[in-house]
Amino acid sequence: MTAYSRVLTIGTTTRRQLVDITNHALKFVEDCEVRDGLLTVCVPHATAAVVANENERGLQRDILARIEALFPQSSEYAHNRIDDNADSHLAATFLGHTRSFIIKDHQLVRGTWQNIFLVELDGPRTRREVYFSIVG
Amino acid sequence: MTAYSRVLTIGTTTRRQLVDITNHALKFVEDCEVRDGLLTVCVPHATAAVVANENERGLQRDILARIEALFPQSSEYAHNRIDDNADSHLAATFLGHTRSFIIKDHQLVRGTWQNIFLVELDGPRTRREVYFSIVG
Amino acid sequence: MTAYSRVLTIGTTTRRQLVDITNHALKFVEDCEVRDGLLTVCVPHATAAVVANENERGLQRDILARIEALFPQSSEYAHNRIDDNADSHLAATFLGHTRSFIIKDHQLVRGTWQNIFLVELDGPRTRREVYFSIVG
């Protein structure tokens, strides 16, 4: 077994945004030529997250709206005495900075409607990083 | 080190449902005879999730009720212009399609009250898949 | 490749509390001398969680307040007919008992503002366990 990693750098254009990174994950799995193992996708950020779901325009709006419903922008947060992005940190904490995927017979195991997204929660940013790791 | 995987196929009977898959995970760990490593449990679905918690009938009702409270069924979602299950996708996105567990001395590390569940969010379905992977 | 693990035992002092365990994770990565791999942090508890975010006093208050907002203490839960901590189980189920991190060039990949926390949801407890696992 071996461990491989790759870094992807992404610029984002709005405060909250979903960026589909599925093709980068698939390319990495293909390049590594690992038959069976584990792919982990991580962001080294406290105001971004990683999720997996369908890439449908309406659903993307629903996900971003639900983030606002559960973690609303507000001046009331204690963290906002020294900053203005407590809602971004809260959404990132609950959504999580990482998701794992199984690799079986050289293929990433995922559903037809299961794409992988970077979730920008405090953009726009010129430089968000996504780390892909495979052990297998 | 080696990587092992196994697929479990499950039928579900209601729209939202918790299915305890702990014994399948324990059997897989036993069969693999790995001393130390990592177990990852994943669903390749955009309207299902994996969680770990207590298997108590009342708590199961509370978990399903909290899913409805945070991700209510509604005709208002943008995704529901083309489908009727935006709430299922939202709950799956936030809960996550995967959970990881440590294997130590041939045992799955988990608490007394920590069972593993498939969370059906858009059932009933005749064929839900759960993938188990061990690297170790 | 090899698999390593370590257990940390922690006492907590209030019902809900964030305990920064970043230095324990960093020390474990340093001690294992793994160049590339995966660190997984797990709690074997149904009323505790693991998250990653900024260690800022105000934000810690915001995270705990948001847990109460989304998973309020209440006597109305079905689980509370036999216990009094349904809210703790619910928050643990949604936050998750585990987070994964990539190790690259002997370093834990994390952001400047991305610390690792045990989330106590039903304390105080004299003995909470955190498991660290590295495969790589």
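Read from first to last, the chains carry the letters A, B and C; within each, the first residue is number 1.
The rule is simple: contacts are C-beta pairs under 8 Å (C-beta built on N, C-alpha and C of every residue); 3 or more make two chains touch, one makes a residue touch a chain.
Since the structure is predicted, the reported quantities are computational estimates derived from the model, not experimental observations.
A.B. asks: With touch defined as above, tell me whether chain B and chain C contact each other through largely the same residue numbers, more than half shared, or through different ones.
C.D. replies: different
A.B. asks: What rotation angle superposes the Cα atoms of chain A onto chain B, in degrees to the nearest 5?
C.D. replies: Superposing the C-alpha atoms of chain A on chain B needs a rotation of 120 degrees.
A.B. asks: What whole-number Å value describes the gap between the mean CA coordinates of chain B and chain C?
C.D. replies: Comparing mean C-alpha positions, chain C is 19 Å from chain B.
A.B. asks: Quick check on chain C: which residues sit in contact with 2+ other chains?
C.D. replies: Within chain C, the residues that touch at least two other chains are 1, 38, 70, 94, 96, 100, 135.
A.B. asks: Which of the residues in chain C come into contact with chain A in the complex?
C.D. replies: Answer in residue numbers: 1, 35-38, 51-54, 56-59, 61-63, 66, 70, 94-96, 99-104, 109-111, 113-114, 135-136.
A.B. asks: Please name which positions on chain B make contact with chain A in the complex.
C.D. replies: Residues 1-5, 38, 40, 42-46, 70-71, 77-82, 86, 89-90, 92-94, 96-98, 100, 131, 133, 135 of chain B touch chain A in their complex.
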